[in-house]
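The two complexes that follow have subunit A in common; it is paired with subunit B in the first and with subunit C in the second.
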Partner chain A sequence: MNFTIAKDVILNHLLISQKALSTKTPAPYLQGIKLEVYPHELVLITSNSDISIKISIKDESLKVENVGQILVPGKYFVEIMRKMNGTEVAFSVVDNNTLRIQAGNSDVTLNMINVEDYPDIQFITNDNPIKIDAKVMKSVIRQTTFAASAIENRPILTGVNIRVDGGKLTAIATDSFRLSQKHIDLPANFEKMNVVIPARSLDELSKVLELNLDEILIHLDHKSILFEYGNVLFQSRLLDGNFPETSRLIPVEFPIVIKFNKNDLFVAIDRASLLSAREGSASIVKLNLRADNVVEITSNSPEIGKVNEEVFPLDKVLGSSIKIAFSAKFFMEALKTFNSEQVYVKFTGEIRPFVIEGELDPGLVQLILPVRTE
Partner chain B sequence: MNFTIAKDVILNHLLISQKALSTKTPAPYLQGIKLEVYPHELVLITSNSDISIKISIKDESLKVENVGQILVPGKYFVEIMRKMNGTEVAFSVVDNNTLRIQAGNSDVTLNMINVEDYPDIQFITNDNPIKIDAKVMKSVIRQTTFAASAIENRPILTGVNIRVDGGKLTAIATDSFRLSQKHIDLPANFEKMNVVIPARSLDELSKVLELNLDEILIHLDHKSILFEYGNVLFQSRLLDGNFPETSRLIPVEFPIVIKFNKNDLFVAIDRASLLSAREGSASIVKLNLRADNVVEITSNSPEIGKVNEEVFPLDKVLGSSIKIAFSAKFFMEALKTFNSEQVYVKFTGEIRPFVIEGELDPGLVQLILPVRTE
Partner chain C sequence: MSELTWNHLSILQKEVFTILENSFSQNRLSHAYLFEGYRGTKKKATAELFAMRLLCLHPKIESRPCGMCPSCKNASEDVHPNLFWIRPDGETIKKDQMKKILAEFSKTALLHQPRICVIVDAHKMNTESANTMLKFMEEPTADAYFVLITEQVDAMIKTILSRTQVLHFKPIARQILTKELRAIGVSERLCLLIPEYTNDFDSAVELANHPMYIEMVDFANTLYIKALAKKESLLLLSKSKKELILSSNETFDFFITMLLVLQKDVYHMKKHLPSLVVDTIDIELITQLAKRSSQSMIEELLQQMLELKSRLRYHINQSLAFDNLIMHLERGLQYGI
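And now, the complex of A and B:
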């Protein structure tokens, strides 16, 4: 095997590939990057227990003298390419078990892993993928994955439920203390789909969606889902099990609705969270709609001190008064998902979940369960 | 106690003060910031086991209604001030044991620590301080502290030896595997001085030297040293014991001298360090001056692979050939201290310490002990 390629071309693709590298694995081959060299194509394959990435590079700088397949230690290979000088890199296999890498005044020899050990990873596409605007997909991920559970005691909640029904896609994540839901309209009607994708896989996918491409194609299979983004195939396993039915959790009638400037509300909660009572690691903050229609955000830590913030609603408030306590972190994370400068916080009652919506964020609902305090 | 002040003024000074806050201490008062309020002056005092900082603020925005002295929990106080809105902050003591802080729409009450518990810290100045250009002091610190020992088995080596003799100041740090030495000329003759200052104290001082002031004054006492920088007094303890006599360690005759482009040499060593044999946590890299006057930088890790770099000396090399092995980290850290783009690496022999000097860095010597390899 023997080829040359522009350094930046292979490096930029390796930086995507490495997102599927295993760092801790008993199987050394999963710490490897597989290079498949064809006459006019270089393919990079990486895989860990959650995701697999396959990248096809057909760059004009690629000059192949001898085809072949090799497996190189991923971390070292990426580090070397990152630090190489020179615009062009030459790769050649020496003695069957080492890869020689030459660029500028550098001559590097890297021991390879036996490519025969590498599993045959199927990247499963179909003829009728769902098409989504890549920027929309990226924002769906940003608006939902943070609400998935970080702990594994109910594995299904570590995923994001994605449903397609006709021309509509819905993404839902919940850790059972809060819930994020985003509806988007698809450009056409597609086949029904109802899957749960590990939130971590989607976070990695989101980092891949930074090339400037318009569209992402979603190919669904029984056990896996494949995102096709230009020359990158990004495949994730799916989570087994039924995602909880969440539609009834979201209240439909809100006797109390307050419109806020998002940033004013955020900084008030942020300051209050500095000196707040804690439930485990969560900072508990209280919101109080006073009779004079001013909202107080307060916190109190007997050992350290207390904070009292006044926030002024933007419009006339619907409803008279409410006192409610919640996790400052959950509220701030939810607020961050909105593009709108103005948000509505909608309450049903003091011990009922409340909802945040944005003026310019159609289809996005953030729901938070209050905390009971005495 | 009762005063108001511009928020940015107190915040910017708190960010300096907090460098002397103890984070881990059995004495809660050392986690505090002492505020002394006088009719036209606010004084901030912080102290930990190594350093003490006293800042005098005489800003026109300061309006004092009642004088007094209080002790507030440092971390919380700084965090609150960092997150406060508004241009002006009002402070008032309530019930003798809490501090009320009001700014914008925020009203914060912070429990105080008993100010009677705070030790009486003496900041000792004298009438004949040494005067140094603050930028020069900052660069002396940057060029030496990194070479001090990070481990405590010989405490004296965790410090930087600073000597003043007549119109000359010398700073030396060594962890016994490498040594940094910097001479500077002082603007006048000062009293003799020979002290060892904890390297960590100097690193903190360096962060303080970012206000745009020309001059720093050094006041020496028996047990401590005080740096006066505008309205900031920065005092450090001194290390007890004798700093080793290092002058004989630096060779004076160098049969082999090679002039390099600093950056070319740096990146070659950096790449070689990727795949290198290790001594403990150190990456060992070899330098070989070939008969054709090209320098090879090589490394070899039997399990991973090897690197061979060619670096071309800038001028005719003095001397014929040398092979020497060293810690890549030590060499790279030493190179970073030079402002010069061109550096001289000077060798005495293959198992003798070698020296790096910079074309435009008078008075700066970096010495490194080679590593023996077979």
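And now, the complex of A and C:
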């Protein structure tokens, strides 16, 4: 195997394929990057078993003398390419198991891994992929993955449920204490689909979606999902099992609706959560809608102190007064997903889940379960 | 290559392979198997072949893996992403290890092939990991297989046992092992004696090629010859070999086992059961010793040896125990006291 290519071209692509490079896996072959060289194409394959990335490079700077396939230790290969000077890099295999890399003033030999150990990962595309605006996809990911469960007691909840039905796509994530749901309209009708994608895979995908491309194509197979983004194929495994039915969890009628300025509400809760003896999601704040239509956010930990914040609703509040307690972390994370300046918080009762919606965020619903305090 | 091993193993563990082959041909595989039997009964090798057969891209009609396709090769080199081996991490199999595997099985496979998880020394699962495992066994995913391997089936918790198909691996017959050792050119005495110590073919070969073990076998024989001759003190004679024999627990155990075999031979001869004699090379020596010693003496010596063998597990003074054993041997065999 023998080829040369512009350094920047291979480096930029390596930085993408690096996202699927595993550092922790016990399998040494998955710590490698597989390079497949064809007459006019260089293919990079990486996988950490959860996600796999295949990048096809057809650049005019690519000059292939001999075709072949090799597996190189990923971490070192990327670091070498990063630090190389010179504009062109030449690769050649010597003695069957070492790769010689020449660029600028450097001459590096790198021991390779047996390429036959690498699993034969199939990247399955189909004829009728779903087309979505890449920016929309990115925002769907940002608005949902945070609500997926971080603990693996119920593995299915560590994923985001994506359903396509007719011209509509719905993404839902829940850790059974809160739920995030986003509907988007698709440009056309597509085949039905109902899959659960690991939230971590989607987070990685969102990092890959940095190139300035308009569209992302989604190819679904019953055992994997593949996102096609330009010359990058990003494949993720799916979570096996049935995602809980969530449609009935979201209340339909809300006797109490309060409209807030998002930032005012956010900072008030942030300050109130400061004096909580408990860390993270365990810090609880109380929201109290007084009869004079002012909202109080309070938290009280006897051993530290007490905070009392007043927030003024933007419009006249619908409904009667209410006292409700919830996790400050969940509320703030949910607020962050909104692009709107003004949000509606809708309540059904003091021990019933409540919902946050935004004026400029159609299709986005954040649902949080309250905490019983007394 | 693997077809050879499959043929070979299906002779050693006939019942197990009949069951497995039938399950494959009738497509009625269980999602969890328990391979149970003594050390050296080829449980791990069978598990490996079982995995290979499931992963093989072109299995033969007689339900054997081809051993040639990339999938078979990767499975046998343990680099197949759908094959997982779990071994005890220290003394036990920890809950984290089980959780990792269950997280893996909750997702679809990387390669669209069956997935196999082999748990070695499954009895070393602690309660938490066993419970984690149970949770999975109650709702198995499609195309996922577990193979549990254990030498102590009684130490497995019942709820797991009841959810697996238990396959019993019989100890490999001594005659077969003797024949195999003979086939690779091991000297006759070692061929006869080593199978008394281990049932495992691989470790038997290792022992037969190790000069230290060969020396000990010869020395055990020498002791009996000198005891018959009554000319030298066995205690003084054993001084030179003492360090070698006591170099580790295993070597001492091996040496005592060799003495036990010889002593049992004497006992069987005394009882007029020559067909049970193992070391048939020096049958004359055995016959004479049997003639000279009283039955109670022979039995007492046997008991001494057996007791010492079981006491080896504790922190005993091995040097004293060794001298004591040789002295008893000297008194018993030479002077019949």
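Quick note on the criterion: the second predicted complex is superposed on the first by the 369 of 374 C-alpha atoms of A that agree within 3 Å, B and C clash if a C-alpha of one lies under 4 Å from a C-alpha of the other, contacts with A are read in each partner's own complex, and residues count from 1 in each chain.
To be clear about the criterion, a residue touches a chain if its C-beta (ideal position, glycine included) is under 8 Å from a C-beta of that chain, and two chains touch if they have at least 3 such contacts.
Quantities reported herein were computed from a predicted structural model and do not represent experimental measurements.
When the two structures are aligned on the shared chain, A:Phe123 is found in touch with neither subunit B nor subunit C. Applying the stated contact rule after C-alpha superposition, one finds that A:Pro73 touches subunit B and leaves subunit C untouched.
In the superposed pair of complexes, A:Phe177 makes contact with neither subunit B nor subunit C.
Here subunit B and subunit C are compared by how many residues of subunit A each touches, and B touches more.
When the two complexes are overlaid on their common chain A, residue A:Tyr38 makes contact with neither subunit B nor subunit C. By the touch criterion stated above, A:Leu238 is placed in contact with subunit C alone, subunit B being left untouched. Touch criterion met: A:Glu303 reaches subunit B, while subunit C stays clear of it.
Comparing the two interfaces of subunit A, the one with subunit B and the one with subunit C have no residue in common. Within the complex formed with subunit A, the subunit B residues making contact are 73, 76, 79-80, 83-85, 98, 105-111, 267-268, 270-271, 274-275, 303-312. Note for the complex: subunit C touches subunit A at residues 70, 73-74, 77, 79-81, 99, 102-112, 141. Interface residues of subunit A, counted against subunit C in their complex, comprise 27, 29-30, 47, 49-50, 52, 116-117, 119-122, 152, 155-156, 198, 223-224, 237-241.
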